[in-house]
Structure formats: structure tokens, C-alpha cells
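Next up: some structures, all given as C-alpha cells.
The two complexes that follow have chain A in common; it is paired with chain B in the first and with chain C in the second.
On to the complex of A and B.
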């Protein structure tokens, strides 16, 4: 019998080299592994039904603006009008029961977490959106690009901690761009 | 040039793809060959106010109708193309 298909990291040390700061740690870069991810798109005219199902199953109100909402293991991140990225840290999480077009993305996207006092400065060298706390705060999300790589970005806390999902085949390039941006800013980057 | 996406807020033009003239409409009669020839090939090239289709390709993927002055790049309005199409169809969804 064949092995079950298991989502596997897109990153390996030879394509995503570590970075060790010479002095104080300004920020840490890690991969967020073990997530179940799914793209969720409302079916035409059935947005309210989907919102009700998400409320019933997860106790969350689907955002209609670029926001991330989370409760327990599950989170929904706005991904455009009528579209969301669903994520869960729970083992065996399954979003396919929602009344929507749901496609698994668990091994289609890589999620990176950049956190620390200089995380904003590092990310700002790669992306053009305004990350100032007045413009972008915990719970805010954006779809944009970092060094021309499409990213789905959200802020988690005021450390600040950012997480961003990129298409799996771009994950290593994005990782190396962040390592370059963090080279003079005390970046501690390593896998696992 | 910056385009204020109605969903995402103002973003650099590098996030958008130009997708053509928003003023042309597809003929409803499939036998209207002259109409189709005009729809596919004929474009005005105004120096001034113009309505264009853009897609927020490196963002929320939405199609937008941008009203722009081609001489100054000043943007007068950005609307979701879906809303424009629905308004044109008389509000039927």
C-alpha cells in the first residue's frame, strides 16, 4: 500500500541557508510547519451561507477587508473579494466541509515567520506597502509582493511578528532575500 | 503611478497588469461581424481622460476599471470591474 501523501517543507538547508547574527538578535526567521492550509472561495450568491458555516464551525466572522481572524487553532485570512486563506494548526484539520470552493494548499504554500524588533525594517526593504504601526497592525493582512515574489502577509503581534505565505516554489528565493536583507540587522535564520 | 485598489488600498503600479480598454463592449449579436471587428481591433487613443481595465495581479487579483488622464497619469476613479459590469447590465447579478 502506498504511503499517505504528507505535506513536506519546500525548504532544505542547501537552498535556505541559515544566518547567524554577529551581535544582538534583531529578528528571527523560521518556517511555520505543520499547517493545514486551504483556499476558500465563496460560491456565487452564497457568501452569507459560507459566513454562517464558518461562524458555526469556528466561531469566527469572515473578514470582508484585508484582515486575519483567528480563534484556537483556526484562522481565516482575507485573500480578495469573496476569497480567504484558511489555516489550522490542528492535526487532521479539514476545511472541505465548508459550503464553498475549497482547495487544499498545505503543500502548495510555504509560510515563514519573521519576528523581532528589527523585523519591520527587514521586511520593509523587500516590500513596498506601509508597515508603520499606524498603517499596519496585528490582525491586518495584505496581498502584495516582496522582491517581486507574491506574498500573502499578515501581522501577528507587536513584537512585531509577521507571517507570510508564498507559493512553495518561491519559498527558498524569498528566504534568501530575507537573509540578505537581514545580514546587517542581526537576523537569526534557521530551519526546524 | 499608484492605483488605489478599492479592496487593498493604494499600491504601486508594479502590482497591476494593464488589461485593455474598458470602453468597448462585446456585441450581443454573434452574427454582427462588423461589430466584432470593431470590438476586437478598433481602439481610440485619447490624449486625456480614458477608462482602462487593470488587474491587481500581484495583490487581490481583482479586475478594476481605472479612469485615468493619459497626459498626466492623474487617476480620477478606480472601481471594481464587477460593479461596473453589473451597473451596465442594469444591476442584475
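On to the complex of A and C.
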């Protein structure tokens, strides 16, 4: 029996180069690997049933505004009316049992994490939305663009730490743009 | 200036307080009041000049234009601007306004500050184009999408072609091959005689779910999908509302309420937008949901008479015989020791062929494993060039035929349009011009001189006729050197094409001095009965 297939990131150093700051670290950029992701859409007339199932399984109230609600390993990120991106760091997590239209996106999206005192400034050079702490805080989410690439963005903490999901095929371009924006802002970017 | 800064500071503080924030104090910078001298004292014009005296060099406004404006009563600076176009050019008056406004001050006997200045709009100061371009330079002008096999293709020495944002392998040259054509011919011959593998992941893939998914698909495709059995795929054609062909692809039924749709590479986002429009605006009562899964699945076409043996070596013990997985069949299964996969018996090349989809993280390893499993059969990876040759040999419509002008009937798919149901584009596809029998429809072309090269874009005229627009009967959409036919072949739209099989016309290409006789043939140049793909 031949070896099992090896899972690979969409990022390699020649298309997603590392970046090392000359002085203080202003922010770090890493890929978040090993997430289980799924797009979840409420079926017609079964919205309450889905909300109840999510509450029972994960102890979460599905957000009805652009927010990310997390508990333990699981999180639900609003993705439009009646739609969410479900995320889990748990091994073997599986959202397909939810009473909803569920599509696996674990490989469809690459998720990047940008964190540190200058993360807001770096991200602000790439996206048009207002990232001021009064306008965008931990738990807030947005579907927007960075570097002409559609991203699903949310803020994790006040470091500040941002995470954003993009279609996997765009991951290397997005990485290069963040490295470019971080070049004068002490970005430490490394592939896992 | 001092007054303006003070007013600005007050306004800012008031706005902050109105929003519920404590207004911080604003320290007004110390500036001196401007003297009349700030504007200079002229002279603003050459007193004895009799020729034209230009004030605004961009918009050709002269001293006499300013004088005329004053005589007409347009003495306000905003009226002067609109009457003469002073300061309206791309420099927004940076080179002209001081002189122009000072002239008006002089004519009306006022000071320059009394005369006033027009409101400037940004950019107030010149901005380098580079600042507007930012990092959108060179290869980063637009984002690049890399398919799952990209790094494998790089290692194989592939030559790449940009398809929209996608970087696709165009062909995989081997040592000693002198050009793209030699390589492409080798790749086509390998697929037609043995087996090849192609990364089809760039095709748009849309997950369609919901109680009304089948009913929805019936309305967006010209043909029926509610009648499709679970575990089967069907080719579908979508029209725009105006009856013109929009996109095509295969859609597979995974369960009663779950479908997997594919679209063309270039139209993926457009089809998604169309589906969302139909769902949200046309038929909000239907329970159907879409998710783009284009990037979720790495999907490889394994094509050629030996493809079944390659696929059999990859799947985890499942039966992939013709009986178990016939043409247009689909299975959800596992490969290579437990990796979840979807296997489709689909063929774009016209050969016995499969499309194998695995989660994208396994795409890189999967294509390497496919090549390994195919070694005993002489497998080769093939690129977009070979793919294009084979689709032209099979007469499949692609971008050049789905060109925003063609109807289903033009593409030879008029009979696919269901008469038992309504669908987007049905009503307007019945307009007089769309059902005109003289309308150009899809045909195949073969040069009478088998060594001649046929070129896309050539127009078709009758043999004895002069090559002028009035005699135009159609045009060549796609051409390729066909290794299977040993000559160049083409697809074209030709008036009354269906009735003219065997006729000789001319393909005139005045831009490239082309004028050759071509025979009108069926657009299917290889295996017209479809025996190979059902083998």
C-alpha cells in the first residue's frame, strides 16, 4: 500500500516569501492551518431549528449581524443574512450534521492571522473598512476586500489580532501584499 | 488662514462632542495674516499685445474671455469659471487661476481677496501616478490565482498562460521539442492513444442545496435537471434573459436536494452572481442555497483509453468498470487510503475519461500520484493548449463561441431547449432574428489545401464573391492544428451552415493576407458517434 497523500498548504516560500524585521517586531503574520471550515446556510423555514441545533451542539447563539461568536474550539462568523462561516480548531470537527445547507470549506479557504501593535496599520493599508477600535473591535467581522481579493475578516483580540479567510488560490498573492505593507512596519512573516 | 484654522478647530470639537466624545483642545498654529501682496501686484497682462493672450493654457481661456465674462455680468468667480472654463482643466486652475482671478479683480476694481477664489477639488497638490497605482505594479497589477497543481507544473517545466486571474499550465515541453506546437501535438497524441492528466480545478464549482434545488436548476438551465438521477451528471446550458447563451458546464446530482455545478473558468463569478440574482430577486420563494467550492476541490481530468486503469489503481477498492460507473456517472468515494473524493465519468477531450476531485490540500500530492499510477501506461500531464485542441476536435463550444452573440440554436443545441418548462431566456430566444433560418450556426472547417493554416477571425465568403462586408456569411471562431486529422481545422459560425455540409467557401483574413478555400464539415472531427467516451 502506497503512502497516504500529504496535505499541503497553498503557500510556499517562492510565492509567499518570509519577512524578518530589522528592529522591533510590529506584527506577526502566520497561516492558520488545521481549521475545519464550512459554509452554513439556513434552510427555508428552518432558521429556528438551526439556531437551536447550534446552541445545543456548541453553546453559541448564531450572530445575526457582522460578528464572530466563539466558544471553545468552535466559532460562527456571520456571512450575510442567514449565512455563516463555521470554524473549528478541534480535530475531526464536522459541521455536516447541522440542519442546514452545509458545504465543506476547510480547503476552500486559506486563513491568515496578523497580530501585533502595528497589525491595524498594516491591514488598513490594504482594506477600505474602518478598523478604528471604536468602529471594529474583537468579535466584529466583515466581508470586504484587501488587495483586490475578497476576504472574510474578523478581529480576535485587542493585540490587535485579525484573522481573514480568502479563497485558497489567492493566498499567495494576499501574503505578498501583506509582506509588502509590513516591510516598513516591522513585520515578522513566516510559513509554518 | 488664521481665522479658517480657528473655525475648523471649533467645528471639529463640536462634531466630536455631538458624537459623544470629549473634545480635545485644538492648538491653533501661529500664522500671520496674509497681505494683499500675497497675490502679487501684476502686471496681469501685456498692455500693448494685440495677439491672443492666454490665461488658462490647458483650456485656452484668454484675457478677452475674462473681459467678456465681466461685460456679460459674470463677475462672480464661480460664474467666471463656468462661463469661460477657467480652471476647469486637469490642473484645476493651478497654473491659471491666480492670473485669471486677478484680471477679474482689476476689471471690476476690487482686490483679489474681495473677488474670491473658486472651491478647489482634490488632488489639491499634484499626486504622482505611482501613488495612485500603489503596489498594483507589474505581476501584482491584479491578483494571481494558483491552481492546486501549480508547484508540480513548475517543477515539470511547464509554460504558463494567464486565464483571467488564473495561472494555468499551457503545455509541458520536453527536451528536444522545438516549439509549443510540437509539445501540444505530443500531448494530444498521448491522450488520444494512452492517457493524460489535466488540472481542471480552475473551472467554477458551485455547491447547490435546498428542497427546491432541482426546480431552481430547471429554471436557470435550458434543459431539465429535476429528471436527473442521483449519481448522474448532465451537461447544461444557461441563457441570459435576452436569449443569448451565457455559460455551460456539467452539473451532478449528489442527492435529491444537493447538486454540484461546474461553470467555465472565465465565467465562474458571473454565473454565481446570476444564480444569486435569480434566487434573491426572481424567485425568493424557492429554498435553494449556493456556496462557491471552486477552491475547495482540486479536480483532475484523467483522459485517454488507459484512464480506467489509472483510476482503478487510485480508488480504494471501488468498482470503476463501465457497468459500475458508466459515461456521465458520478460517485462519492475515497482514494489513496481514505482521502474523500468525488469521481465523475466526464469527458471534454472525447476520450474515455474521468474527473477526480479531492480536497485542495491533497491536490499537489494527488497529481503526483496520478502520474505515478499512469507511468506504466505512458501518462503525461497536458496543458491548456492540448485541452483547446481536443475541444475543437470535438466541436465543443468555449469562450470564442459563447461570445455574447450566439443562441443555443447557433451552437447546435436548439433541441436541448425544453418545451415542457420555462427557463431564463426562453421567451426572448424566440424572437424573429433568433429563429431566422439564415442565422449563422456552428460548423466545422477544413482547408482544401491540407497544408494550409487556418486562422481565427477570418470571415467566410462564397467562392466567386468579392471579399467585402456585404458578402460576409460568417466568421471563424476557433482554430487548431489537429493531430488526429493531420491538418488545421476550425470552428465557425456560417449562415445556413447546417444545410451546407461539403460546400467550399473562402476564409478571408485581409489583416494577415489570408484567403483560403475551406470545406464545410461537421464540427465534430473526432469520433462523431461518441463511442470512445462511452467505452
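Note that the second predicted complex is superposed on the first by the 184 of 192 C-alpha atoms of A that agree within 3 Å, B and C clash if a C-alpha of one lies under 4 Å from a C-alpha of the other, contacts with A are read in each partner's own complex, and residues count from 1 in each chain.
We take it that a residue touches a chain if its C-beta (ideal position, glycine included) is under 8 Å from a C-beta of that chain, and two chains touch if they have at least 3 such contacts.
For clarity, every value in this text was computed on a predicted model and none was experimentally measured.
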- Query: Do chain B and chain C fit side by side on chain A after the overlay, or clash?
  - Reply: fit
- Examine A:56 and indicate which partner it touches, taking first as chain B and second as chain C; both and neither are also allowed. neither
- Query: Where does A:144 make contact in the superposed view: on chain B (first), on chain C (second), on both, or on neither?
  - Reply: first
- Using the touch definition from the top, say if A:101 reaches chain B (first), chain C (second), both or neither. second
- Task: Could you tell me if A:22 is touching chain B, chain C, both of them or neither one (first, second, both, neither)?
- Result: neither
- Should A:172 be classified as contacting the first partner (chain B), the second (chain C), both, or neither? second
- Could you look at A:12 and tell me whether it touches chain B, chain C, both or neither (first, second, both, neither)? second
- Query: Given the superposition on chain A, what is the angle at the CA centre of chain A with arms to the CA centres of chain B and chain C, as a multiple of 10 degrees?
  - Reply: 50
- Which partner, chain B or chain C, is in contact with more residues of chain A? C
- Message: For A:45, using the defined touch cut-off, is the partner it touches chain B, chain C, both, or neither? Pick first, second, both or neither.
- Response: both
- Tell me which partner A:109 touches in the superposition: chain B (first), chain C (second), both or neither. second
- Nearest CA pair across chain B and chain C in the overlay: distance in Å? 6
- Where on chain A do chain B and chain C both make contact? 45, 83
- Touching residues (chain side chain C, partner chain A) in the complex: 135-136, 140, 142-148, 151, 166, 207, 209-212, 287, 289, 291-297, 335-339, 358-366, 369, 372
- Task: Spell out the residues on chain A that touch chain C in their complex, using ranges where they run on.
- Result: 1-2, 4-10, 12, 15, 39, 41, 43-45, 83, 101-109, 147-149, 167-170, 172-174, 176-177, 180-181
- Where on chain B is chain A touching in the complex? 7-9, 11-12, 14-15, 58-62, 80, 82, 93
- Spell out the residues on chain A that touch chain B in their complex, using ranges where they run on. 45, 65-66, 79-81, 83, 128-129, 142-145, 150
